[in-house]
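Each of the next two complexes has subunit A plus one more chain, namely subunit B in the first and subunit C in the second.
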Partner chain A sequence: MTASPISHTLRPLAVLALLGIAAFPIYWMVVTSMTPSSELFAERPNLLPSLGQISIYGEVFRTIPVARWLWNSFVVAAGTTVFSILLAILPAYALSRFRFTGIAILGFALFATQMLPEAMLVVPLYSIFGKLSLLNSLFGLILANTAFVVPVITWIIKGAIDGIPLEVEEAARMDGCSRIDIVLAIVLPLIAPTLAAAAVISFFHGWNEYVFAQTLISSEQLRTASVGLASFVGELSTPIHAVMAVGVMYTLPAVIFYLFAQRYVVAGMTAGSVKG
Partner chain B sequence: MADLRPSEVRLEGNSWTPYLFAAPVAIYLILFQFYPLAQEFYLSFTSTDLLRPDDNPFVGLDNYAFLFEAGDLHNVLWITAIYTVCCVVFAVGFGLLAALLLDAPFIGRGVARALVTIPWAAPSVAVALVFTWMFNAQYGIFNHGLRALSLPFGAENWLDNPLLALPAILFTTVWQIFPFSSVVILAALQGVPHELREAAAIDGADRFNIFKIAVWPTIQPTVFMLVLFVTIWSLRRFDLIWLMTQGGPIGATNTMVIELYRQGFVYRDLGSAAAIGMIGLTVALVVTVIYFKVTLAAERAQGKR
Partner chain C sequence: MSSIRFKNVTKSFGAKEVIRDIDIAVADGEFLVLLGPSGCGKSTLLRMLAGLESISGGEIVVGERRVDQLPPGQRDMAFVFQSYALYPHLSVRRNMTFPLLMQQFQWWYHLPLVGRMARNRIEKRPDVVTKIEKTARILALTEMLDRFPRTLSGGQRQRVALGRAMVREPQVFLMDEPLSNLDAKLRTSMRSEITALHREIGGTFVYVTHDQVEAMTMGTRIALMRDGVIQQFGTAREIYTDPANTYVARFIGTPPMNLIHASLSGDRASFGSSQLRLPQTYTTRAEVLLGIRPNAISIGQKEGAVPGRVVIVEHIGAESVIGVRLDEARTAHEADQSMDAVMVTVPGYTELAVGDAAYLSFDPAQAVLFSSTSGERLRP
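Entry: the complex of A and B
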């Protein structure tokens, strides 16, 4: 590309503006959490966090059950990840490698799940879960989340398997390995980066999910962080900087983890979803 | 996603293998997605109270008739359409610009590519909370900023003003989802043939024409796919809108999913809620069918050339 002098100065500015827009709200959450109550409603906003206010985090930890909420979110996210990956591998392989009657139905069914709003399915799911005694249990929440994650990661894993040359599998077939053996011993190691990406995507879905956690769980003990944080909406007794501190504790681990993992996610995801 | 690439592998031996492989996920999705969907379909023809969900007398098309006549459906469909179209245009458009910006080599590109994905990693509930605070009329940073520029604004009640609430919600949504478009388009840009770009540059093509000749044809299928996904995801987005405005003020941000939730959980009318769900699903299906018709036609036109 021909680089004009203008683009030499404009591009860095544009990149900085872009990153500023992307990061500012998270930064603002941190700043607000570390602003003394008296200054939150001042004429001029504090643009920098007051480091002396870091004690708010200890205070919030003592007065609000944040630790429990975060732990519950972690359990839900981890469970969703394990279940989704286990369920997605074999259908992904079947979609990639076999031609069978009903493959189009399976493909469409996976796609169609993306159209179903959680807010709609939550009513029938509530009654089904009631009959299966899955209400008010993190395990039930994991099952509900998995239903929404599996279709997405099945497609991503299928895309990665598409990229493996068939010859790799043929030698093993000659030796008389079963399909399951081939998937476990040959295919899975080759798509490890995509599995990592799928794991991150599933984990994030479980960590962030709100509607099911709000509806299918009623026990305070089993609240996830999303529901805990949402409970502050419209509630006026908790000061805004304390609310933001909870928000930071919920958001920052996810964002930092993602910054380290994003390289794999991007590589693994683009192996699948981008082939139009 | 449309291509189910027919596999070269022929089945040998047990022809049940693909079904065995697909069975667990099929059963799972039937149990947790399609059976509940069928129940919703049935509920939409009944009059059912949230508090007595097992008592559901059949009322035929009454719920649908009620929605079309007495209800707020026209407004809801209109808001949903504006919301969805704006999400697609701005999230995909801004994502494309960001991707082009981050595609060229510069120092710190890796870090910049990572940082730009932050909004996508942030949980919706936290995003809703911090943006509500940022949009606060008196103490929000947006109004502080407007006042600092000594513009004649700065007291806007963003989320309580029927004219401003939808733009504010859109701003928040686009902020959260544009990184996804950007990342996906960035990956597609890696497939742009280098020679083509150089040839166009040597022929004296300017920036825009290089984009038109070399870049766009490569990334076009990806961008089209993104349009479809952002559309159907926007049709069902709930968390952000519900937590920021609950569909208000006076219905200004009342999209279909929000109306569904209100009918079900505020007015306790599960039948009407289900009917809205069915209407929404029909809209999503129609959009999908149109999408595939259009992309197929485009592919044919390209093939003939």
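Entry: the complex of A and C
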């Protein structure tokens, strides 16, 4: 395919436009966080951040338990990631490699869990968690999130395992591997890029999750950042620049985690096919 | 001791029987080739021997030990796959060390840090390193030990797969069409390498192929299969000169054996006005198929021999193949979609052209007879 000169110039412009649409809100969040309240509703909006206002971040840290919230969010996100991946690998392997009665129903049931909205499940979940004394605990929140993430990443991991030639596993069996040896020594290293992608998905789910965090946690101490951020919206006033500052801090770790994981995801895509 | 014995082995997938009553034995150190067209069950039989496929009936005995219920890792066999099946995430060295590592594997070797250290220690042990490097030298892989499979060519990958099989020093080597992904030239050289390997390291080899040249050149014994049944089991020479039925006769040889409709009476096979006097006398009087190899026929333009007309001429360099349609007799070649013509090979080039009259003389000593109804061999 040869690109005509017009599309040659238009394509980068289109990319820039899309990038602008996606990135502008984040930029606006940064700018707003550094704009004094008095100028927020000025007739001419301030398009450049007033760097002098950077002290707002220190102030937010002093007055609001942002660090605590972020830490809680991190615990929940990391816990969700670890549990989900550990729990998804074996079912994914079974779905990919074993043929048994009911495999289609099982596969469908995994998908079906995704059709139910969180808001619908939150009430029964609340009562179950109450009986199991899992309310007001980050571990309980991790479990709830894990239950939602496992089906999704099970399917993703299954897809990756499908791509591994069966002969490679048979070669390992000839070399004396048991099934679990095969999964740990052969399959996992080969699907590492997919595991990274699955980690991104589960981490973000845990990091962003709001409904469960709001309902299952009542202690101020255990509040996650998503809930904390929402708690700013006061009845009388909303300190917009503080909200934006916390928002920036809430976004940054996620971006950093993504950049970290993305290296592996992309490395996997460019490292050549899995085929021996 | 690694003789292999299949005792009435069968395999069914649901109601479909893919392996029927295989009952053969090969002695220690033999090179058994399972030969047949695709879908004949030869790979399935090999995988059953390896333990990658369960058996539906019968027994498999290796040496003195019944193996058919053992998991693949405990059968002391190495398998070389058509697709090589190297571990893509491991270097050539680690690919070759893997079977040795698995022989002394502990569950905690899976642990991230400690396990890695323990594995490294085994991989660095002098006896392991020596073995890997010796094997690499034999296979000319020394330069590639630290490369990854994806950077190797097909032939190199195939040698790594062989090396991975060799380091274990197994009793039995199993190979499933290991050369079919290579180009023709490389295939020929790998063929002699594998034969040399068999001579050097001993052990019993079982080799699956659909290529009759591989089978004839490599195997000490050949089992020719069709639809899950062994048609003939014997040495390459037996299968070539003494085929058990028309299927074997037509499967082996390029071009394959000619089959001409004839009627048999005593020691005479007659077709049209021609008669061939056979060295032996047969007791049956019947319609038969006269089988004769293309190189046991001479072609000339003299009267008195079997008359026909040239319908095809192919020059292959060292020899030429001439197809002659007989004036007074038919062949049974349509059964496998071949031309109704008697194929004759002559050395060098021929002056004959399509449409010429030709006269064939058969060497009766090399003629064999088959029943025209069952296709089975007739014996005096």
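The working rule: the second predicted complex is superposed on the first by the 248 of 276 C-alpha atoms of A that agree within 3 Å, B and C clash if a C-alpha of one lies under 4 Å from a C-alpha of the other, contacts with A are read in each partner's own complex, and residues count from 1 in each chain.
Everything below uses one rule, namely that contacts are C-beta pairs under 8 Å (C-beta built on N, C-alpha and C of every residue); 3 or more make two chains touch, one makes a residue touch a chain.
All figures in this text were calculated on a predicted structure; none of them were measured in a lab.
Applying the stated contact rule after C-alpha superposition, one finds that A:196 touches neither subunit B nor subunit C.
Put simply, more of the residues of subunit A are touched by B, taking subunit B and subunit C as the two choices. In the superposition on chain A, A:185 contacts subunit C only, with no contact to subunit B.
When the two structures are aligned on the shared chain, A:177 is found in touch with subunit C, with no touch to subunit B. Contacts of A:82 after superposition: neither subunit B nor subunit C is touched. Taken together, the two complexes place residues 173, 273-276 of subunit A in contact with subunit B and also with subunit C. On the side of subunit A, the complex with subunit B involves touching residues 1-2, 11-12, 14-15, 18-19, 21-23, 25-26, 28-29, 32, 40-41, 44-45, 87-88, 90-91, 93-100, 102-104, 106-107, 109-111, 113-121, 123-128, 143-144, 146-147, 150-151, 154-155, 162, 166, 173, 179, 204, 207-208, 210-211, 225-226, 229-230, 232-233, 240, 243-244, 247, 250-251, 254-255, 257-259, 262-263, 266, 269-270, 273-276. Chain contact summary for the complex, subunit A toward subunit C: residues 165, 167-168, 170-178, 181, 184-186, 189-190, 272-276. The part of subunit C that touches subunit A in the complex is made up of residues 50-52, 71-74, 77-79, 81-89, 98-99, 102-103, 105, 110, 149-150, 157, 164, 168. The touching residues of subunit B, counted against subunit A in their complex, run 1-12, 15, 17-22, 24-26, 28-29, 31-37, 39-40, 43, 50, 53-54, 98, 101-102, 104, 106, 112-134, 138-139, 141, 144, 175, 179, 183-184, 186-188, 197, 201, 207, 210, 221-222, 224-225, 229, 232-233, 235-236, 238-239, 243, 257, 260-261, 264, 270, 273-274, 277, 280-281, 284-285, 288.
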